[in-house]
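Worksheet: the structure to be examined is printed underneath.
Naming follows writing order (A, B, C, D and E), and every chain is counted from residue 1.
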Amino acid sequence: MTRDPALGGRWALLLVALVLAWPLLVLAEFKPWTLLDERSLRATGRFLADFFPPRADAEFLALLARETWRTVAIATAGLTLALAIAVPAALLATARLSVSTLEGRPGPARWLRRAVRAVLVVLRSIPELVWALVFVRVVGLGPTAGVLAIAIAYGGMLGKVYAEILESADPAPTQALLRGGGGRLQALLFGSLPSCAPELLSYTVYRWECAVRSSVVLGFVGAGGLGQQLDNAAKMFAGAEVSAILLVFIALVMASDAFSRWLRGRLA
Amino acid sequence: MIRLGSADAAALGGAAPVLHGIDLALAAGEQIAVIGASGAGKTTLLSLLALMQAPLAGRLELDGTDPWAQSRSERQRLRAGIALAPQQPPLPPRQRVAVAVLAARLPGMSLARSLRTLWSPPDAPLAQAALEQLGVADKLWQRVDRLSGGERQRVGLARLLVSDARLWLADEPLAALDPARAEMALTALRRNAAERGAALVCSLHQVDLALKHFPRVVALRAGRIVFDGPPGGIDEDLLDELYRSQDESAPELAPLPQPVPLPQAMCR
Amino acid sequence: MIRLGSADAAALGGAAPVLHGIDLALAAGEQIAVIGASGAGKTTLLSLLALMQAPLAGRLELDGTDPWAQSRSERQRLRAGIALAPQQPPLPPRQRVAVAVLAARLPGMSLARSLRTLWSPPDAPLAQAALEQLGVADKLWQRVDRLSGGERQRVGLARLLVSDARLWLADEPLAALDPARAEMALTALRRNAAERGAALVCSLHQVDLALKHFPRVVALRAGRIVFDGPPGGIDEDLLDELYRSQDESAPELAPLPQPVPLPQAMCR
Amino acid sequence: QQVLRVTAIPDESPTELARKFAPLGQYLESRLGVKVEWTPVTDYAAAVETLVNRKVDLAWFGGFTFVQANVRSGGKVVPLVQREEDEKFRSVFITDKASGISRLEDLKGKTLSFGSQSSTSGHLMPRSFLLAAKINPDTDLKRVAFSGAHDATIAAVASGKVDAGALNISVWEKFVAEKKVDPAQVKVFYTTAPYYDYNWSVHADMPQALQDKIKAAFLALDANTPQGKEILGLQRATKFIASKPDNYTGIKVAAENAGLLK
Amino acid sequence: MRLSTAAVPLGLLALVVASFWSLDLQWAAFLGTDALAGMGRFAASFFPPETAPAYLAKTGWALLETLAMSAVGTALAVVGGLLLALPAAGSGVPRAAARLVLNVLRSVPELVWAVLLLILAGLGPLPGTLALALHTSGVLGRLFAESFENAPPLPALALRQRGVGALRVWLFATLPQTLPQLASYTLYRWENNIRAASVLGVVGAGGLGQMLSYHLGLFQMREACTVLVAMMMLVALVDTLSWRLRQRLTR
């Protein structure tokens, strides 16, 4: 009676994990000790020594300020369009508001849910960089491609995560309402939103930060913004400029982090 | 009004049946107490009556038809007529008492009015009247998570009082209440149910209150109904059997097992 | 052993004082029942004794010294000697009963042994013995969220039985238990506490059990101690006063307010 | 006012390209009487697409990118001029002194970095010379990497991240001249035979008169004038000469053989 | 109070409007018939995908490599994220320090980490794996810290009341409650990292991404299409896998 019935399963699981980990480590050529050989340490040291002091003349700073705003603007515009995709998709995709699932007998609506989920998978399984590559070829270089790429890839991501947040919340209040015969939107507003709203909001703000980072990366394929500057600086091995741009990024993301905390504080 | 015919059921979230061959008929406006040892299946029985899950076997009829044979939307409509106050009140933290109570009226509420209720409940006097009958009127605008245990429980019961359901189910409504408030709550439930013609089913551990207040008592033992009738029919022997340890091999109360051994090594 | 001198305290998470001028001394090995109406401050009193919060005013002494004047680490050490079973058993869902129970032994456990306990508890027999005394030994390997209400509560109490604290605090330990299991649990608590020389404080709504089992009863009314002595000193008048509605302006139980009005417009 | 938009394949860092172009742009503005606008792009394919879709008017192409543009536009890309050096351009294979590699055959089982996959001198021609030496980069080498640009290839070899690298000879010579690489540590172990490379191209839809004016402007650059000296120096050219599509048939064949053009 | 309540949404609205306005987006270039036709031609050039067996085998290997990079990177990130999330969900100086580290790790995108790491670790999957691990540690660490902070506090409080140390309170009360959420975040990040791993190929980190940028650069659209299909299959696979795992975990 006091023998742990789960113990065997746990050992088996551990074994399976180890057996799976081995080929993965080999395939990823995971040999971190190569980082410590003398030649790579020297190269690293040279590169890092270049980082200080970061470049900070007025002209460069003005350029950075302009590009920073462009980066933020691309992210904001892209995320706004993404919301237009994500919100309706999430409401369609979540099983939490489904009365049939509540009863343990999925109804026909689950096919709709699956279809919506499949579309979301397609939207986000292609990285925004690839979307951008495609759009750059179509609309030419510039922010339009970046905005569209973010809108599409993030629409898919947000839609999925919104649905999941709604589902991971304590189901009791929502189900009590549905069970009591409440409508879906009512159940959402009264049951799920009070507990999910902070998480939904903070996730959205978090995604906006991600969009800022993405729009940086999109700069690498010509969508403008800080990324393009970073690409230039890195290709020149201009350590002082790289470090200045990195500092700007970090400041940008920390600012949006503070913004998110403040916003959540207001909601609570 | 609602009738179970040799129904089996699993606990909510479980798979194995814990109720076996339940036969139970409930007329409109009837008042029943369900008693039985911890783990006997009282909560599971109420979840069946609340249409939270279908019976694994057997029949369930509501007004002569099987709700589980109907369409989902039809069943959802039927649920609006049934209100359940679970063992642990499912109240979203941070919500105010007034809103939490009025959420019970959502099934019949328009979307516009639901939104108004979130903003500032127009039906607050109704909630107030219900809370008054339970002795917690002064907490109307308090946040739900700032209540004492007994206050929370009474807020959960106030939901029944304001609902316009025809079948009220209360799972151990008195667990967290002192004797006076228990009497008060039971009186309020019975009186309001009678005035509104709603049927009332309460699961109770307080056998004395069950026998004193209810014209009909159902006793469960290990998932089966062992008694169903007026309280007069319950005698000491039956109570003994009801609450005797169900696991026959376990020692009876008398020879208590040795005190828990605490080897020195474990103590520090 | 522990002593409160004209102490005031706020409810946990609240700011306004709900306990006023509490004087209470508890000797080692003593057993006390705390009674009082819902909202009287029983839970708050236990939280004071459990060193979960400092009194707003007045003194608290543990073995002659004020724990709130000590360093934080010293206070942490003192807390290991005090075990509290809250009103709602604070058990992480999905954790297995054995682990949940043995968590109470963490204060004296080495880190290595704690890790082993998570993997597969070596002290399972100890948990088993404690559960047996409460009649839930068969749930040893069940997940906590697959228990009925009364089973959960008993698992919460088993934590007290396995702990090596010298002061056991139980907040309404019998709320979800049927009469037989309530007797059984109370007997187990008192007997084990006595054998181990631990002091025991239980808040109870079951006045009859409190009077029958405890040599000393403390009665709270609106945050003040109105009685402290052997159960013989409690008479009908005192009980009446204890449980009378505390809000003097509210109607007494007799003239029940009018039934909740349900204007036609609200019904559909 | 009319605008002449100009771009170039990013075989060097974009800021370097912009710096190199500035005086040439002013010169063209004065000669053509139109505003000249520099449009940086971030990958080779984008440079090709922008000219094919006529989002720019004039582009600096490598031999292989010119062939790609010509194919994608259905033969509507016209090479105007090229540097004298581009008639006999070369690539070099470099390695670390300590690696023990001294011939192409030694590369078997080693790691090699090209520049961009669309580069003529950093990928296509080195690959075709490897194939000619009976070494298939995709199967005989341990790993083939693409550093993205010629200067990045040098950095990868210098820090020992790859055993060898293949790149444009003129970038190599520039790095040696500017002492950005230590010849005692990194050495050239193979230099390819000469081939045709870079040119300045326009779209065939450009008015013939304008095409001729641009061509004339390039051909008129003279190293004996101060302005010509500066521009030619930055372009690493002695002078510009007329170019023609036939120059690049060899590249096209090499690309087809190497499976890079389908 | 009322005014400042309205100020937040108004401020956000202003940010959105300013973004659209200042970017001067070329909707015409995107929605014009010309552009649509161009896009159609461009899309058509992707079909049919290349299906030569040798090429499929090569794609398969790259797929495995991407899978391995993302899995190892994510696993390392879980370890790093947990190590940082514990202090970050605590209090005082360690909390501030851990949050700073998390912010720095998170604010630098994988691609940028990869560019920096290429100097350190050379071309190939290792810098890619490490880049994923660094960035994801920041992301997961923050999400983990948040779920620790949002976990129902009572179980932890009960143990803390007994004087149990922070680590074991976390192990016995917070972790079991948040485990499904942690797993869900991890699995979700893993899906994310598969896409990120593809992008990293652009800077020389191997896998499907390297093939994609190679073929896109050479205008070999049909081969690129095969790679894209493989990428989508991989994501779909991980998606279902993680959905299943999550369902099991939350049961």
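FYI, a contact is a pair of C-beta atoms (placed from the backbone, for glycine too) under 8 Å apart; a residue touches a chain by one contact, two chains touch by 3 or more.
The UniProt protein names, listed by chain, are A, E = Phosphonate transport system permease protein; B, C = Phosphonate transport system ATP-binding protein.
Keep in mind that this is a model prediction, so the values were computed, not measured.
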Third chains touching both chain D and chain A: E
Higher-contact pair (C-beta pairs counted), D-E versus C-E: C-E
Chain B and chain D: spacing of chain centres that average the CA atoms, whole Å: 80
Gap in Å, rounded to a whole number, between the CA centres of chain E and chain B: 45
Per-residue overlap in chain A, given as positions that touch at least 2 other chains: 40, 43, 137, 140, 220
Contacts with two or more other chains, residues of chain D listed in rising order: 43, 53, 148, 155, 159-161
Chain C: positions in contact with at least two other chains: 88, 137
Touch relationships between chains, expressed as pairs: A-B, A-C, A-D, A-E, B-C, C-E, D-E
Contacting residues of chain D [partner chain A, same complex]: 12-16, 39-43, 46, 49-50, 53, 55, 148-149, 151-152, 155, 158-161
Chain A contact footprint on chain E (complex, rising order): 5, 8, 15-16, 18-20, 22-27, 29-30, 35, 38-39, 42, 64-65, 67-69, 71-73, 75, 103-104, 106-109, 111-112, 115, 119-122, 124-126, 129-130, 146, 150, 180-181, 184, 188, 192, 195-196, 198-199, 202, 212, 216, 228, 231-232, 235-236, 239, 250
Chain E-touching residues of chain C, taken from the complex the two chains share: 50-52, 75-80, 82-84, 86, 88, 90-95, 99, 103-104, 106-107, 109, 111, 114-115, 118, 163, 165
In the complex with chain C, residue positions of chain E that touch it: 154-155, 157-165, 167-168, 171-174, 176-177, 179-180
Residues of chain A touching chain C in the complex: 1-7, 10
